[in-house]
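After this come two complexes, each holding subunit A, first together with subunit B and then together with subunit C.
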Partner chain A sequence: MRALFISELERLWKRKLIWMMFAAIPLIVYATARYYAVHNLQVPLDSPEFVTSGNFPVMALIEQLIVVFNLVSLVLLTLSFTEEYRTGQLRMVLLRAFTVGQLFRAKAAAYLVTISLFFAAYLGVSVAVGFQMFDSSETTRLFHHVSPAGPGEVMGYTLKYYGISLLTVVGMGSAMLALAVICHTTTAAIGFGVGILLLSIGYPLVYLTFNTVLNLQLPAQLAFLSLTQIQYEGIAYLLADSSMGPGPYFPLFALAVVAGYVLLCAGGACLAFTRRDRWI
Partner chain B sequence: MRQEMILEVGGVTKTAGRRTLVKELSFGVRPGEVCGFVGPNGAGKTTLIRMITGLIKPDSGQIRIDGVDVRQDRIAALSRVGAIVESPIFFPYMSGRGNLLNLARLHGNLHTSAQRKARVEEVLAIVDLSGRGSDKVKTYSLGMKQRLGIAQALLGSPKLIILDEPANGLDPMGIRDLRNLILKLRDEQGISFFISSHLLDELQRICSRFVIIKEGGMVWQGTSGEWVDIAGTRGLEEHFVELMTR
Partner chain C sequence: MNSLIQSEWQRMWKRKKTLISLILFTAIVLFDCLFLGVQRFGAFDNIHTAPLTAQNFSVFLLKEVSFLLTLIVAPLLIVDSINGEYTAGQLRLVLIRPISFARLFAAKWLNLAFMLLLFTAITFMIGEFAGHLLKPAADSVRYLNPAQVYDRSEAFIYALQSYGLFYLIVLAELSLVGLVSSLMPNALVSFFVSLGVLIGALYISDTLGFFLMSASVIFQLMAGSYAAPFYGPVLVCTGIGFLATMGVWQRRSWTR
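Presenting the complex of A and B:
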């Protein structure tokens, strides 16, 4: 199983596209920093949106999480599952003495390691660019926190923010994984993956608009059935001071949503990948 | 005493929807034997090869490789087999050597990096690709890909190699090289071969046994000599056409 995992990881990292995605991180972070440098002129100093070297890694992640990270996740899954399977390349691996379930787990593990490394690299570059381009501050305002936070608290907040973001990207990746396994071409997998991302972004807008306009009085929390909504607002709520969060049950609700995506979509993908005949 | 078979196919049937792709096929391949698997396009040859290699599951029947049932113990059964199913498709962004090193990781008998490198160089030399091993696979000709396909099949030191239409697209020299390679591996390493092909004359030169199928079912099986006797002056091709149009 370990050999299978290393083999998967090796093939993934032999692709130029993976290296290009990692090489793009400094550019993305720099562009984000330039945006915040201008944005800082429009927000008060005591706003959590005011960027310092301390909160820049989190702000840089917030800005790019929904699009960049979810798309990187989609590309990784499509390359590893759809392309290798549908072009017949995977046949060379499937003919070896392993079970198909082991292969699925090895591929999933290679994806998890690579997307985690992408987060780690993004964090490292953000810290460096943050110190280079923004002033430091004794204290930093965090979203939904009563009092300003010191450097230690900001560091802990940053690590938690990245950790939860990784979980949400993996949750979203589970839906994309199901598509990657089902779709017959990489174009279809990428297309449907982008479609599900747009659907996820659009759902809360539609839900909240109808809820308000039609006065349906449905719980606003249901907007967080969308993982991109959790990425957009939910992570900050999860890390909020207890007095400023959306309620005591929100963390449980958000966890259930992420777990639901992983169990249903990744579980379904695993069944589809392992149970059906492989006409390749 | 019954001789132990390296490959036993017993009453194997596969359907897809209402179509029966393979029906009640039974035959065996003995150790050190080169067995030709013949049938027209769409006869079910590749479907059976997919079942032998565990890519798809038979609806009924049993497939045993070196005495191990593929469905019951896929890992043990496949550890004895090397195969090319349809055309050999590699990871095009890697070199030939890189492909083999990546796949060599998946063989339990090659534990260390040194063992894997040595085995890869060995199989590259066997298929005469040492000089082009560092080139990207996407630059290889079809013949080179076929040879690399045999190299990857050899990685795990298999007892049985399954080749699906290995001569497709090869020029006469490529076909001759492939034939010599198969005979060399059979004679020097005692490897059994199960080869599907349309090239009857070519198969006649290397196969000691034939299995002929039509529309998924068995039409004839026997030794090469028996087929030549039955075909008589008509030749194998004429007899094969006769079998298919009967």
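Presenting the complex of A and C:
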């Protein structure tokens, strides 16, 4: 099993595309920093949106999380689950006495390791760029927090933010994984993957509009059924001071949504992947 | 050339993706009509809005669905036709016949242009139809430029012109994505590099922002307040993209 995992990891990392994505991190972070440097001129000093070297890693993640990280996750999954499977590259692997279930777990583990590395690399680069391009300050204002935070608290906040973001990206990735397993070609997998991303982005707007206009009186929290909405607003809510958060049940609800995505979609994908015979 | 176009057309419809995208696209457009139907105002940008009426409904529908067409459906169809078929070796049997690569590419380009016209036209027709079904008709309509007032027939011409401009943008995209797809080694890379090029174009220069911001560019263009040149860049992208891709295909070996 360990050998299989390593071979999966090697097969993923032999691709230039993966290296290109990691090489793009400094460019993305730098572009984000340029954007915030201009943005800083328009926001007051005591706003949580004012970027200092302390909160730059979190702000840089907020700006790019929904599009860049979800797309990176989509590419990884499509390469690993659709392309390798459908072009028959896995035939040689399955000559050996591995079950398809083992292969699925090894692939999933390789995906998790790679996407975590991507987050870690992004964090590292954004810390460096933050100190290079922004002034530091004694205290930092955080979203939905009553009082400004000191450096230690900001560090904890940053790590928690990155951790929860990773969980949501993996949740979104589960839905993409299900599509990647079902689709017969890479273009279809990508099309549906980007489609579900756009759908998740559009859903809260549509839901809230219908709710207000048709006066349905449904709870507004249901907008967070979309994982991109959790990525957009929810993570800051999860890390908010208890007096300024959206309510005591929100963390449980958000956890249930992410867990639901992972269990339903990744579980379904696992079933679909392992039920096929080996004559790829 | 005629039979080549026909065979290309058949091959395009043989892929299930084409039909599925058409059905899904139509479904989403219809749903978007419902979404616009419950709203009272349409937004040109963050500041300017106008009451939704039967006359301007289709224009606002275009704003809602333009991303779907320019960022997902169009790149998908183009990449599949221009990169997917070649790299998967599906063209081998076609090229057993004495056909030049350049002609083959021209047939592909024309077919894709027609296909994208179909998608655009469907959006326009659904928009006009749903607008008259869901919204009250107005005698006069104003768009982004408040000084210009349009009566009913003029508003129809306005909508038609907007869709025409959008189609020009889509054609420029076809040439550009076609060029990217011809240079990249597989469909996956083509798709993402194409997306990168379409989005990155905005950062290179405001002149090329029409790929990403198509709807707002069209609003400004029709109001006469669009600062950057439009027709020049669009035609250059379409023409140069087409010719460069033709060159790439002409120089290809037959041994793939």
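The rule is simple: the second predicted complex is superposed on the first by the 278 of 280 C-alpha atoms of A that agree within 3 Å, B and C clash if a C-alpha of one lies under 4 Å from a C-alpha of the other, contacts with A are read in each partner's own complex, and residues count from 1 in each chain.
By definition in this document, a contact is a pair of C-beta atoms (placed from the backbone, for glycine too) under 8 Å apart; a residue touches a chain by one contact, two chains touch by 3 or more.
All values derive from a computational prediction rather than experimental measurement.
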Exercise for review: Could you check whether subunit B and subunit C clash or fit when both are placed on subunit A?
Suggested key: fit
Check your understanding: Where does A:Gly163 make contact in the superposed view: on subunit B (first), on subunit C (second), on both, or on neither?
Key -> neither
Practice item. Using the touch definition from the top, say if A:Gln89 reaches subunit B (first), subunit C (second), both or neither. Key: first
**Study point:** Following superposition on chain A: angle at subunit A, subunit B versus subunit C, Cα, nearest 10°
**Key:** 80
Exercise for review: For A:Glu10, decide between first (touching subunit B), second (touching subunit C), both and neither.
Suggested key: first
Practice item. Considering only touches as defined above, state whether A:Val213 meets subunit B (first), subunit C (second), both or neither. Key: second
Check your understanding: Which partner does A:Gly150 contact after superposing on A: first (subunit B), second (subunit C), both, neither?
Key -> neither
Practice item. With the two complexes superposed on chain A, say which partner A:Gly101 touches: subunit B (first), subunit C (second), both, or neither. Key: neither
Exercise for review: Once the two structures sit on chain A together, report how near the CA atoms of subunit B get to those of subunit C, whole Å.
Suggested key: 11
**Study point:** subunit C to subunit A touching residues, read off their complex
**Key:** 17, 21, 24, 35, 38-39, 67-68, 71-73, 76, 79-80, 84, 186-189, 191-192, 203
**Study point:** subunit A residues within the subunit B interface of the complex
**Key:** 3-4, 6-7, 10-11, 14-16, 84, 87-89, 91-99, 277-280
Revision key, fill the gap. So, in the complex, the side of subunit B touching subunit A is made of residues 50, 53-57, 74-79, 81-83, 85-91, 93-94, 98-99, 102-103, 105-108, 152, 156
Point to revise | subunit C-touching residues of subunit A, taken from the complex the two chains share | key: 17, 31, 71, 75, 78-79, 83, 185-188, 190-191, 194-195, 198, 206, 209-210, 213-214
